[in-house]
Amino acid sequence: MTTRDIVFAAVGVVTALSALLSVTTKHVVHAALWLLVSLGSLAGAYLVLGQELVGLVQLLVYVGAIVVLVLFALMLTRAPIGPHAEIDTPWWQRVAGAVLGGATTALLASLLLPLFSGVSVDLDTPTTTTPQVAQAIFGTWVWPFELLSVLLLVALIGAFAVSRLVLRRDADERAPVPAAAATGDRG
Amino acid sequence: MALTLMLLLPLLGAIACIAIPGESRVERVIALGSTVVTALLAVVVVWGRHEVDVPWIRSLGVRWHFGVDGISAALVLLTALLTVAVVAHALSGPIPRGGTGSTFLGCILLVETGALATFMARDAILFFIAFEVVLVPMWVLVRRFGDDHVPDETRADAAGRFVLFTVLGSTLMLVGILFLVLHQGTSDLTVLAARHGAGLSHSLQVSIAALLLVGLGIKVPLWPLHTWLPSAHTIAPTAGSVLLAAVLLKMGTYGIVRLAVATVPYGVAQLSPVLALLGVAGILWGGLACLVERDLKRLIAYSSVAHMGFVALAIASGSETGLQAALYGNIAHGVVAALLFFVVGDLKEQWGSTDLHVARAALRDKAPRFGLALVVGLAAALGLPGLVSFWGEFLALYAAWSPAPDRPVALLRVCVVLGAVGLALAAAYSLRVARIVWAGEGSDTAHGVAAEPVADAHGARWGVVLTLVVVIVALGVLPHLLLGLSHTATTGLLSGLGVTP
Amino acid sequence: MSWIVRMIVVLPALAALVGLLCRRQRLLAAGVAISVSSYVAVLALIQWVAPSRSADIDTIGALPLGDLSVPLHLLSDRVSGLVSFVVALVVLGIQVFTAWYLRDDARYGQFAATVSLFAAGMLLLVQAGDLVPVLVGWEIMGWCSWLLIGHDSERHAARRAAYKAFLVTRVADIGMVVGIVALSVRARSTDLMAVLTATGSSTLLTVGLVGVVVGVAGKSGLVPFHDWLPDAMEGPTPASALIHAATMVAAGTYVVARLFALYAEDDAARTLLAVLAAVTMVYAALLALAQTDLKRMLAYSTLSQIAIMLSALAAAPAELGPGAGISHLLGHAFFKALLFLGAGWLSVLAGGTAIAAVRGRLRPTGALRWSMGIGLAALAGVPPLVGFFSKDTVIDAALEGATGGGGFRAWLVVVALFVTVVLTAAYCARAWLLLDTPVAATSALPDSEPALVAAEEVAVVTTADSADDAEVERVHAHGHAAITLPAALVVSVLAALTVVGTLFLTSLSGGVHVGVLSALLSLLLVAGGAYAVWFLSDRGRVDVADLVPDRLREPAVRGFGVDTAYVGVGRAVTALARVVVALDRDVVDAYPRATAVVARAAGRAGERGHRGVPSLSLLSLLVGVVLVAVLGVTAWR
Amino acid sequence: MIHLSLPAALAALLAGIGVYGVLARRNAVLVLIGVELVLNAANLLLVTAGSRPGTQLSAGPVLTLFVITIAAAEITVALAIILVMFRKAGHIDLTAVPDLTDDPADEGVS
């Protein structure tokens, strides 16, 4: 056990615990907040692994943007504040979920642990530094990178189009959505 | 060079037309100019028997290989010249509702491109590609520019039927082509025809022939696969109907001769009884349906089924006379159906419908030019000697009576008698139409629709119709013009088939 | 020489084209039609007088058809020369007569052009040395007959008659086409010489010849195809004259005569021909006796006479050749053209052709009375008119066939011929008595009234009784111009030809060949038949046909309901057609529609499958993913 | 020095938790949180594998960055769909039985 191992273990425990809490808490908003914690500590884990750039981007994009977006979505769909009994699926689905989650973990662990057991790297002299990453992105990976920018654009337009599409069909049908108020609090 | 230009010109014209937004004069000039130049080039190409052969898709071994020979020469000329007529006809009247004129003309040009490429392709894959090019513009013509007196669903139904039937056919054909190409190792039609089925086991030949015949038979259309044709013909605008009857149907029979008969002769010989029976079924079925059909355009469509039945019968005979008859019948039906659809299309434009049960004024008196053209067209449809279709039908009957040695003689002779009955049916329905429309049956009480004046053909439209009338008579009196074109080619195609002179 | 033969065929066709182009200028159209037909007549005269037998006159060159030789030759010999000449002469007469008869008709130009085309078709058939041109001419005549009979297409009856004529002959042409195909397959050529000399399958020969007989039965109006011909009287009278005299209905005789060498070898086809001809000649003569319309009577007489021609070909011994049939064809051409044109002239004077209208109207007319008299006498077979010689040539040929081992076939023909001779004399005498006895002599008789009523009833049923209604209307509307000199001259010239026509026939081998005994016998029969009618009709005061019980007479006028039978056949075919359309819609088209329905149902089912409860779908998805992963990992291991 | 089995184990754990999250929640937004966890597990694994010696082309960090971008795109569209669902159905409950009536738009096509 090196110092880095210990630090990583600490960060990892925080990450795992907060992740677990975010999927089990009865407060809708808390779930998003626990996700925030989990993703933030994961950024820390990246730092420990010597990938400062990835960690920073994780903080910026995930913590700064995505979780905020999720919170917005929760509020727009009238998420209830406070504990909420009907937040979870029926118990047997949860049991199935737990089994499947455990299976996933077991499967991955059984694959990955042998693969990485005994492999240790000296991160004081990291193999990939940020300038190298930058060079790789704008060198070898430049086409996928450009493609990704197109993907983002498409996603933007797609999100816009999806909401417009439904709006227009609603207008065509001239049928309001009366059930919204009554059942909205279930979500 | 002239050949490639001839293929590219209508394509570029089509692209230019479709790219031009809205209504303007430019697309009319483009459309007419490119078709006329294409027609001139077609004459040059046919005259000089041009050929072009350069590598195209190297990894697949597909070559840009086009050429004209005796079998395709007449069809190339028919397509190129008839498209000029179609465009001239379309320009001298209102563009059908449903879209802009530029789209309409562009689609006509695209159909021309595809048809010309189909008739000149010397490569099986190329043939398939060209065969498919025609599909979408034709769909647009039927779907968007179709008869606007019927509900939109009917148009969608007709266009959908056309596309789905044809796509099914060409898919089967593609499977057949791929089998053939896979086992022969080349897709060059000249080589395939020269091998004449050598190197293919008999069962393989039969299955390839079956795939090709069913696939192309949908386009012809052979008897039980014909139900797409009447609705497509009825709904399509005049230009669409003419192209459909005169060009698209020919691609089917041409494909049978070029793809199936030449490359898998044994398979075709084995299947020829079926082909003959289906052809005769089409002759009788179409003829009978015409006797009670109310819609004139539908009636002509059913008569197309009957006429193409004669072509199928001629192909089934497998003799050289039979092939000559099939090619002649092809052209004959193209010209005659084009004339009839031009006339009936113009009448429908005026009348709004072509229901035969509505008493209308006698064309004979009210519109003598239409009357003359209609009567000539109907006379040709019933196979009157001295007009073009007689030769195709008479020779088809002769060929079926004395088929190639490996064909079932007794069956084919029965088919000949039934085909001759079909000639009598043709007379019955042609004269039924003439009696109603030309002589004005039921219009004795001169009121209502019957009293309305009929504007006679004039200007460019009359020119188009008159030209077709002249062609029908000329080819009927001088059949050498066509028979001479295809004579040597059919001999070559059948060499090795075992035809005893 | 050969260019004359070609011109004889081509010129009328060109005249038809030119005539159609200048149909609005009546004078020009008439000029073209008449001048071309006279020129053709002169050419045909040259061909006949100075015959050069050549069987390979090229037309448009042989067709390149591989295993079938189609040389498209013309054949010129004395027979074709003579027949062409007579055809051309009759056509010329009809063109001249038409120029007067249809002078007020708006469609004169079209009519004249059609007559020219009709002549071209007949002349092509006559000159053809190849089966394909024979078929071409044959069908062109059929088409022209449709145009001519339907000339007054405003009238329902004319449209119907035209439709009926073309359809009936076309149905019979199924046999013609199959027959010609079989004959040319046998010879591997359509050339007439090759077909005649070919040796090959006798089955094919029988099929071919029987097929041709069926076709001929259609065009020449043999039973059971005969009923179109009386209805064809709906056409203007010149058209009837053209169809009946020398062209369409007689074409069958010519075709059979051309193939006579083959028929002589094949007993089956000849027996069929003999039976059909024998039945037709007696049956038609009987019906002619009962008609209430002059033109319909003439039509039935044509049926009977054509059957006589064909019976000669059916019964004559092989060594005698087809001369007798051709001879009667020519003789018949003269007197039938004369009779029809005379009837047309008379109808203009009398305002109709119904017996009631023309009764006694012949008396005050000079040349017409003589002409009609000569025509009827020739039809009856009174010497020395052409009808006597040609008919007795036929009888003689049949007798020779019968005594020379022709057997049942020839005897049947002989008996039928003698019966027909009596009947022909009887109806000719009746016609003459009715036309010539002044009305004053008959008006006192009370029983003419019911006859008229009966005639009207019949008219309702057959819709074709008083033929040529258009002419009647024309006359009633604004009168008809008096006959012109050329038209009257035509009738007179035809009358003269009927008298001296025998001279034409002598140039034909076997053309005139009268046995003394048979001639005497037939003379006796003629005289007997005529006298019986004269006696029964109380010297022309009574219509003999009125003596027939109404029960029998009305169906006879109606042709014994054959028309109804035709309509029945038509109905049956139409019913079949309706079944076909229903099948097309509900069975053949059901498969595509079912495919569409199935595809849509499958799509909908698939869509429903994808609309489950989302959380459950997620669950099953993940179960699947994990399972696949586990499987993958274990397999990889 | 660091042992790479630790981050690998964390990645496996996060993926399992994410899967559970997807299946245990009925609120569509919360399901998305589970998805995010699985994605992050993948990211962590990429970084871990990328820090092994001898990795070519800096694939680990670069692909991680790409995945983050794709995740951003994904969540945008997903949230749009969820909002549409909320507007149409009035809730975002994934255990609710959906409306199975046919869409009138695809009727009448024969």
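Letters A, B, C and D name the chains as they come in the text, with residue numbers starting at 1 for each one.
Definition applied: contacts are C-beta pairs under 8 Å (C-beta built on N, C-alpha and C of every residue); 3 or more make two chains touch, one makes a residue touch a chain.
Chain by chain, the UniProt names read as follows: A = NADH-quinone oxidoreductase subunit J; B = NADH-quinone oxidoreductase subunit M; C = NADH-quinone oxidoreductase subunit L; D = NADH-quinone oxidoreductase subunit K.
Just so we're clear, the structure is a prediction, and the values are computed from it rather than from any experiment.
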- Which one chain sits nearest the middle, judging by mean Cα positions? B
- Query: Measuring centre to centre with C-alpha atoms, which chain is farthest from chain A?
  - Reply: C
- Message: I want to compare two interfaces, A-C and B-C. Which one has more contacting C-beta pairs?
- Response: B-C
- Note: chain C sits from chain A at a C-alpha centroid distance in Å of 95
- Query: What is the distance, in whole Å, between the centres of chain A and chain B, each centre taken as the mean of its C-alpha atoms?
  - Reply: 62
- Task: State, to the nearest whole Å, the distance from the C-alpha centre of chain B to the C-alpha centre of chain C.
- Result: 36
- Task: Could you grab the centroid distance between chain A and chain D? Build each centroid from C-alpha atoms only and quote it in angstrom.
- Result: 7
- Scan chain D for residues touching two or more other chains and write them down. 19, 22-23, 26, 28, 94-96, 109-110
- Item | Two or more partner chains touched - positions in chain A | 89, 93, 96-97, 100, 103-104, 107
- Residue numbers in chain C touching two or more further chains are 615-616, 619, 622, 626
- Item | Contact set on chain A toward chain D in their complex | 2, 4-5, 8-9, 12, 15-16, 19-20, 22-24, 28, 31-32, 35, 38-39, 42, 45-46, 48-51, 53-54, 57-58, 61-62, 65-66, 69-70, 73-74, 76-77, 79, 86-90, 93-94, 96-98, 100-109, 112-113, 115-123, 126-128, 132-133, 135-137, 140-141, 144-145, 148, 151-152, 154-156, 158-160, 162-163, 166, 170, 177, 179-184, 186-187
- Task: Please give the residue numbers of chain D that touch chain A in the complex, ascending.
- Result: 1-30, 32-34, 36-37, 40-41, 43-45, 47-48, 50-53, 55, 57-62, 64-66, 68-77, 79-84, 86-96
- Counting only contacts in the complex, chain C reaches chain D at residues 593, 596, 600, 604, 608, 611-616, 618-619, 622, 626
- Of all residues in chain A, those that touch chain C in their complex: 89, 93, 96-97, 100, 103-104, 107, 110-111
- Query: Which of the residues in chain C come into contact with chain B in the complex?
  - Reply: 60-61, 63-68, 132, 135-140, 143, 146, 150, 153-154, 156, 159, 162-163, 166-167, 170-171, 173-174, 177-178, 181-182, 184-185, 188, 573-574, 576-578, 580-581, 584, 588-589, 592
